[in-house]
């Protein structure tokens, strides 16, 4: 398939998620309820803990997302809006400097109050106010800007849904009791491939070739997108090949056994320095017990399943693996061009697995087909997170949403097993620092044609 | 009064708290219940937070004190004792290296599990086992060593009762919502002297003189004492004078207003370095709002009451204040010699004020009388915490209780408003690092005779 | 001018600095002597100091560049080569992990020995051996690989010539005595514009437009280039405009006076965090004394000359300035496309000014012309330092030269007043972390066409 | 010998080193010349390096001691005294806060200027001025305060003589070339006992008993003493025993081989924490090479000599060793009471060995005799460095000399192989933090009578 064909597909396939959808109230409440649903089995104590600076307590996520609605929607659109509590503006602003002073990020775990019950009351208060506000103009006819902000607020809430899961995973992982977030469901994808038959072959990696040339990158159409996906613009790509599936635990284990964590020549200089100072010898959440590998999951400790996609890699590890394997990480424009050729489907949060799953055996077919492009794990790319040509930050406080982070981070693509289906798309750009590993992050190989 | 007379009084006044007391079971259960009583108004979330490394979560205190009984009593005296949970030994050992690996102190706030309810169940399990064990030998006749350990366990528990209060105070203080631990009681000592009439004169400081000479220092008699109070031994004291009351907030405010926090010549070199790097400009928990001084208490924020004893001082601050005031801190042997001349009574935890109180006006009388020697605030001394001549650590793991901390810390005397009455005595040696301020710590002046 | 025209010029203008130049010995010795010439007025004590981790002592630079010849040339090409000293391989390896253990970078200032005289003897030893080796095959006919390595060694040496100057500037700057490296020459460019007439107008900034389109980026031809300039490849550029001159001190001062260092919305999030933690309020080496601005130079403290290019900016500051000014930093491909339209000339190290100079008044002419593209200050670009498509690291130890740093840094272009003329070219990619300011680093604005 | 006898001896034995000695000029110049003599074989580069925060460059010591004379003598006693250089007051003030702003201690190694030659010129300038000043009143008749300050200045200079040696030892030790400060002299005490015969028996440790009782501690008489040795006062000592010699390398090696560095129960809690974080496994300057122990000395690397006193111990190590050996460190009053029974003689700096020496075999004699009390190594005591009863700091800036360090440090007694003979006495109190090891610090055991 040529990239020109791929680009042509874009306009057909992206669903029209227009901001003037008639059931905006319903969609709003659905998103809010989805957040709460993720926390329903927790104990009050579980909502409080911040196990490292990057992690926020579940309680904080519940409150911060509510603050977002108060600060950017309710306070702007409702005359004399009365905030739920005068101090919450200070407590639950994350990083919006222009919105005023805020509580120190590293101290979110020091707050025993407000209690979980109080935060839930806060959420209901905000839900009512927003729903009522939207209902006044259900078709976004009077004020498209409001409808756009509601879309942004829902997407923001979905980002925190994913963070609730990854942060809880970290909180539980540092507890020697190793609590379980959700029991593994009988019959889900991984079950059939658990330790017992984990050595069953998974499909051999095959390469999908692209001709490159002049392509369009970035979001088009009228659906919601974050500012960092714009503007759509042209790029010239050299020909490239990309793997038809994700790298697996088994493959990553070969890298380890071949001395991957001991060979400096495979690593970026800063990655090697961190590896040495932090003592990395295997991926985050892996543990060696009596000669066998285990990994911590949201369903507790499990023997490592070799066929599952490798997960919780830093960019440094993904990059070193790719070099070892004779390939490289894809650039984000290559990934996007490739992703536009396949449907947006996969092991996303709705599957309620909360863990990447082993690829089923190859269906019969003539040539290689891109699989696992969406869901399972975010795929590290080799692209530093930078503004697109012509990018400009939105006016006002909301301009701090994405633009000010375009430095020192790398782009990830494709969503994970913790990402909502309505949240992901080919043009979506996630970004983390190269030493971050607590997200569901893995990799897919790319290479230059031989 | 001569010191010889003072020493003579010792043997009359120290109550005989023998270890073979018939109601040991009752006393044991009382101590345990007192711990729980301190936590009864808390929310589950309040039990989880560790707001700095020195602070432990309330939940941890509840569990650690139970572990102490398991590790030092139940596991030793009950054949085939079955611990409540296999991992708790690892989670709730504080610092006993010889007892095996333990959870990192700085990460006690990362544990959402066990839940509060589970920890309370753990306490009941331990209570039953210990009570049953004691009941087998209620008079300590068969095994004095057991009775001694039970006494140690109760005193250990009392130490953690005080820490529960000081740690919760810190947890609440860093929360911008400034929660209240316990509403201030109507009619308690401080109420009558609250902000409104806080300028009412408090008694002028007067000096009580002691002749010095050869005195006995350290615990005597058969009552319980910690190892660090032994052995009783002789010291030669030069003549000294000691203030009849504690230094007040009002007096400390004069120090501040006279530039006390800006004049390096008043400070120890290390204290000054810390003052500069930490930006100390007033005592811990003091806050300046719109030109007025407030302080955080277990009953929330209150206007500073000038007549109350100054509290939450570091040793560095107490030492600098004393130098500024033309005096010095008492040495611990001077303090002890003086304290043995007065009864052990004062504003202790049983008063349920959880805060130092203003001194009532001087009763009519001929000469100055030592007051506030016990309760209100721990009094910093100028004495580094060192072993007494002839001191030796107990055999075994319990030997780590006190001895290994005899380096880099200073001795405090007299107990505070968070100390149980049965826990304090003239020979009691508390100790903290010179930069610690989260305890109820203040000072009393001493000086050489003019 | 269209970019097609620009690309066409490339092949005309790049001098053919072939590796088989007949006078390679002479060029080698010239480069080596140039290094020594930079240090001839120093005291022995000046060679020893490392004033921060990024800085190396002059003595170390002299020795390390000699080690480079030993490790990569002499040891490889001379059978039984006897190194000058057995420990120098350990002491003077900079970062080549595959070359074996090496001395800790942060401790280069802890070495009083070898003395300066011993290091100079080391240099002579190496000079003789390399010159003799080259002389055996002066035209590179027998072994082109040797000639290529000699070119690399000379370019490496030139990089350290620049570092000797920037590092000494830092060493002298932290000394309250503020020593002078070299007295300012009478009659050099800056003298005529010193403080007295520093307010004389400099040419108004004008924009030079480029049409963009498909261009070639990267080094072509047979001259020396670093691996990171390869391979030459195509890129699609949107139309852009680029300023005809550098940003000046006077313009940067307006940014400061407009609150540029107090307005978070102008900064990248990480830049703002560093600004706050480090207390940045003006560029590195600027000082405010009695209401006037001064800056430290290699000729000592001087009143700030408003018309000179602003220098010693971090990337964060350059980026914030550009945002404030309504523009942006150029991308590196834009800069390169523009630079290929002008000759490689400017205020480089041969001018011996060791400081950027004020632009002369605009010569009469019809339209704007790009000036100051080479020399004066390295120009920060908005491009993260990444490998070009098709880039691969060289085989062996020398592969660590550039590739392992392609993460977390930004590209600078154009050379500075400390760069040798034969070292710079339009395709040259320098790179530093975004918080580095001790290099001669400034900026030129770019923008999207209006 | 009873302590009463010992105390009686004090007044006979302390030489009368009155401040009004007629040859004060000569003594002053001698002290100054001794400082320079220690540096005469160094290269200029050796004077510059600061290899850790605690270490100062030799050049700094030479300049700081000169500043001391300028700041405390010349500026006070000479009207219109013109300092040598206006900036030196800022550069070379060590820690006298009241004397004004000063250069950061940790950055003393960042100063390449003034050069060594300039500093030596500074010294001569100060020498002349002080000598001339003293000569005006050679007998201290007109102004005893001046003569007292000159004595203080000479003692201060002597302290820095010792530091020049210990600091250079550290500077050389971190250099992989391991330079030699001074070749080992043929025929000095250690030579006869070098590696070859290092296993020859040294005298078995014997205990010297003291009855204790009421003793006088602190300096008496009219000779010079530091303020921290005053006032002389009474103490009551329990009976004690003290070893007749220092602990040796061989004995310390037994401690290591018995797991001394792996057994937490032998250590203070803070010492153990440091041991773990710093990875201590043997004394500072010891190194294990191919199964044999070596140590770094001012004469370079040498095989460990088992019979030599163990040296460069931290207090934590000395304390742990003593506990392992079944003894304890002496208290400083015990040490002083014992030291007053023996003459002040030993391996001091005048012997020019710069290293502790092996004890000669026991001379025939009836009972044990205290040996090695002075010189060889400073002896750690168990006493925290605190003010004596009645201590008061001198008025003015000079009051910062000692008093402000009386917190967090431990007392050492007896001088070392780097201490001048006229500088040491039984009452002399040296003090360092418990983790300091770069001084010549060892230990002598004490114990309670059995």
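Should a chain be cited, it is by its letter among A, B, C and D, assigned in written order, with residues numbered from 1 in that chain.
The definition used in the following text is that a residue touches a chain if its C-beta (ideal position, glycine included) is under 8 Å from a C-beta of that chain, and two chains touch if they have at least 3 such contacts.
This is a predicted model, so every value here is computed, not measured.
**Q** Most remote chain relative to subunit D, going by C-alpha centroids?
**A** Chain A.
**Q** Centroid of subunit B to centroid of subunit C, CA atoms only: how many Å?
**A** Centres of subunit B and subunit C (C-alpha means) sit 61 Å apart.
**Q** Taking each chain's centre as the mean position of its Cα atoms, how many Å separate subunit A from subunit C?
**A** 39
**Q** Can you compute the centre-to-centre distance for subunit C and subunit D, using the mean CA position of each chain? Integer Å is fine.
**A** Centres of subunit C and subunit D (C-alpha means) sit 49 Å apart.
**Q** By the touch rule stated above, which residues of subunit D touch at least two different other chains?
**A** Residues: none.
**Q** Which chains touch, pair by pair?
**A** Listed by label, chains in contact pair as A-B, A-C, B-D, C-D.
**Q** With touch defined as at the start, can you tell me which subunit C residues reach subunit A in the complex?
**A** Touching subunit A: residues 95, 97-98, 214, 233-236, 238, 264-265, 267-272, 315-316, 319, 331, 382-384, 386-387, 389-390, 399-400, 404-408, 434, 448 of subunit C.
**Q** For subunit B, which residues are in contact with subunit A within the complex?
**A** 43-49, 51, 59, 87, 90-91, 103, 107, 109-116, 171-172, 174-177, 179
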